[in-house]
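So, here's a batch of structures to check.
Presented sequentially are two complexes of chain A, the first with chain B as partner and the second with chain C.
== the complex of A and B ==
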């Protein structure tokens, strides 16, 4: 009691260390966001220099995913259902995961360039700047053209929501945007973990693509198509099933092939938060272990 | 002139004297051809070794191709369960299509990643002036380097995914060695067509300066129209007919036809090769025209 009073007494002159620490962290987070914003703005200005190329890239970004969907559409000119799912149902899966990946890609997509930065030694420059390294790495070559994919993905998502024959409850309506945002956060965590992995294996940037682009390709199709081992892996090990499968199954009123209860569909935000813990730990370990090439 | 001259100089001297000029000129042409093939051979070997240096990147690529192979294979199983014989393939052939196409993906640079990004960067920075200064043909130089790269990626990134696929799924691959030889020839032609298209992309940098946009468009077009996403034989109606006549078909669908027996027999293979060679010549020719226009445009600022 006396200590507490003492603490408050002393606090009048300067706050106790805990408060300092909290202040410092908040300040650092704000600095990080500010730095991120400045770097991103710089790269946007830079990409506007070659305007034709920027336009082509944005349209191309949307078209990449549109052609993915065109392939699914062509499949459905031959069949009525794939794995028991109709075209609008697959469109819901496709639109949500494509939008999630698009958002994660826009905000953190160039973290995979860190391998190049480590190899050519330009990461050293980032270490001495007064902005958190993760913010710099995430904003590196920020690519506004990636709005293309988000626009296209959300277009398909909206189409799916409109044509789907679903009894919309408040829970289901709320779950759709939550699914997209939580999915983006899960992909973002995978990207941070992937960036950390590059401290150990610099050239292996492509492995991350297996989980991001590969994961999204998988999530476009219904879970009934895949084997149970694969489903267990992407539910319990790398929880990609929470990006859209589990929430979408709930929205569609379909049971989970692994027999998980319906309320699991609402866990996506929690899962997104949980996967950030190992991802950010890995990032810290990776950054601490960094030894410059010296060139 | 003394008689101790090298054979080369001797030939030159003879040519000067105007004696037996036909034979000498023929010899000079042969010597030149040998010299050139040695040069481009060395460039190709350099391309091979350059990509062989990055072991971790190759392993990562193999891993990614295998993961994609698994994902797509499951969706194809579902699709062919629903519609057996779709596109003229049995399920085993459709699975073979998936795995072999994953193996060709990197070699044919269908999603980009060949030489064109580097070429464009050289145009932007001005390093292309060094390339133009070399006593070698610009297009053949880059073709040799790209074929060297492709040869490495065919071996380094191609074999493991097919083996993994063959272990996990019942692939229907031919056992006839002749069929595989024909397939290999079709793959070489596919690589040349792929190069020819990407050379045009590289040259586009002379006008656009930044290749990001056009590379992305080209990557998605080639993935879709080569049959990488879905075999072109599955594409419906008139759209399918048109798609199968485009150059991208020569990069993946046609080699797969040769392997899986669509173009079976000598007649089928000859037709396939003629289709590929036709596009290769047309596109390489277009590349030469565009190169001539580009080099007239280039101004080296020095410094």
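== the complex of A and C ==
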């Protein structure tokens, strides 16, 4: 009798492994999206209770990031070109990467708080809820005011597209939104990898920021002003060059300083997908290590 | 015998602690936080899980909730392996950590509960009924609109307990549910838990330092130390168990004036403080003859009998084994 029960139990533990696992992963992803939506919606509702304060925060957010571009604009009142790039050309770089980072930040920006959550143990509270932890971490304190940066970035981007003297082909027109979205995905992957890294390194939010905010600041300037070593690093190691440099160079009809062929400009979505694989793997390893060591 | 809800068999948890031993070199040391624990809890039981700090109480709870993965052994809650199917188990259990909230710090309780409802897919009618019951019995009515960070510890704890019960869990884990609470809040929480267990049959497993929690709530108590189960049985048995040694009750007498230690058969004076004296006598012995003897021989003003302190009993148990 006892053995029969055991046998049944064992049978239940060994479902058709592959199908089960695939089903489970799909289920997790859907539950993650659903949970993310629920949590984000709650934070939006809660921020809307103070409409005025929300508006001010959003406008402030846009204004602060706009100062960023104002600095570049002022620089151009003294020079005609930077690294051989004109102001509208730099605006294309600036607008696209600022929008990309803004999007990634809106959706995943709060993952950098995980170091604190690990330290104070509040991650435990997330592990007892029926929603994947990454979704909970990412949606926590979802801040719609971050639309400010997106608005500012896309404003600069639209201005650049309008004033740029470019032969717009279908490919180039399509490449602009693809560049922004793929760029956001690459930043998002970096954020996930950074969050995973914090399981091992404790609070390393600043390391992650140096890649995201720091990376974006770099990408606002033309690749021609940087050394070849750096360019190689951001092309092949942490592929930030795919956020906007490579696609933007194609749109502008400029050659790549590293001499890569033109079609590489269209690889950004693929690169985004490829970096997400190690990033999500790292996340799972990180979470598993937490679950086997505790806080 | 009821249906088994929680089942542990030879469960171990080994942490690897890295410590700096020199500039670069690091020493690895293995700490066995839980060292081969096995027990079962039936549906509807209310069990106290006690032991000194670092005994492995929280580690056990964390394994039962799926937060930590056991290093060895078999563990099932409602037939689910917590570590492997954390999210499925989440629907069946509620957890309250006394030390920190699982609610959203900046949101009013009401919003946290609303989010729980959607997260756990609680049917509207169930949710209403459960929330109503919790609000009424935990006295939350006026707190619903208050952000969690503005709540007092006792209010927050009640809020947390309600949050853990909205989805009708089979089992409720409470890790130090009365820590830092005032007497009134403690009483409220205990009364609520008793009702919950009696009316809904929710299984409750709680860790605590406050032995009154156990005395008032749990018929069964498990004592853990150094990651091992030292005792598992009724609270009363803890006093009587050989491991606990000979336990004693205490007679506290207030005399008219300061006197040298009293000399009464069957008891010995363990403490003197002014006109008050403490006399220890075997727990099984009746207090009546002793009281009579004291009253007959000395100018007695007042007296009280103290039951053996479980903390003391446990401490003695440790001393006996250690």
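The rule is simple: the second predicted complex is superposed on the first by the 263 of 295 C-alpha atoms of A that agree within 3 Å, B and C clash if a C-alpha of one lies under 4 Å from a C-alpha of the other, contacts with A are read in each partner's own complex, and residues count from 1 in each chain.
What we mean here is this: contacts are C-beta pairs under 8 Å (C-beta built on N, C-alpha and C of every residue); 3 or more make two chains touch, one makes a residue touch a chain.
All figures in this text were calculated on a predicted structure; none of them were measured in a lab.
Which of chain B and chain C touches more residues of chain A: that partner is B. In the superposition on chain A, contact of A:112 is made with neither chain B nor chain C.
Of the two partner chains placed by superposition, only chain B is touched by A:218; chain C is not. Once chain A of one complex is fitted onto chain A of the other, the partner contacts of A:201 are limited to chain B, with no touch recorded for chain C. In the superposition on chain A, contact of A:89 is made with neither chain B nor chain C. In the overlay built on the shared chain, the residue A:256 is in contact with neither chain B nor chain C. Put simply, chain A uses no single residue to touch chain B in one complex and chain C in the other. The residues of chain C lying in touch with chain A in their complex are 15-16, 59, 62, 65-69, 71, 81, 83, 86-88, 90-91, 93, 95, 97, 99-102, 104, 106-107, 111, 114-115, 118-120.
Those residues of chain A lying in contact with chain B across their complex are 49-50, 52-61, 63-64, 67-68, 70-71, 74-75, 77-79, 81-83, 145, 201-207, 209-210, 214, 217-218, 221, 224-227, 230.
Chain contact summary for the complex, chain B toward chain A: residues 54-57, 59-61, 63-64, 67-68, 70-72, 74-75, 77-79, 82-83, 86, 208-214, 216-217, 219-220, 223-224, 229-230, 234-236.
Residues 13, 28, 31, 35, 38-39, 42, 45-46, 120-122, 124-125, 127-132, 141, 288, 291-294 of chain A are the ones that touch chain C when the two sit in their complex.
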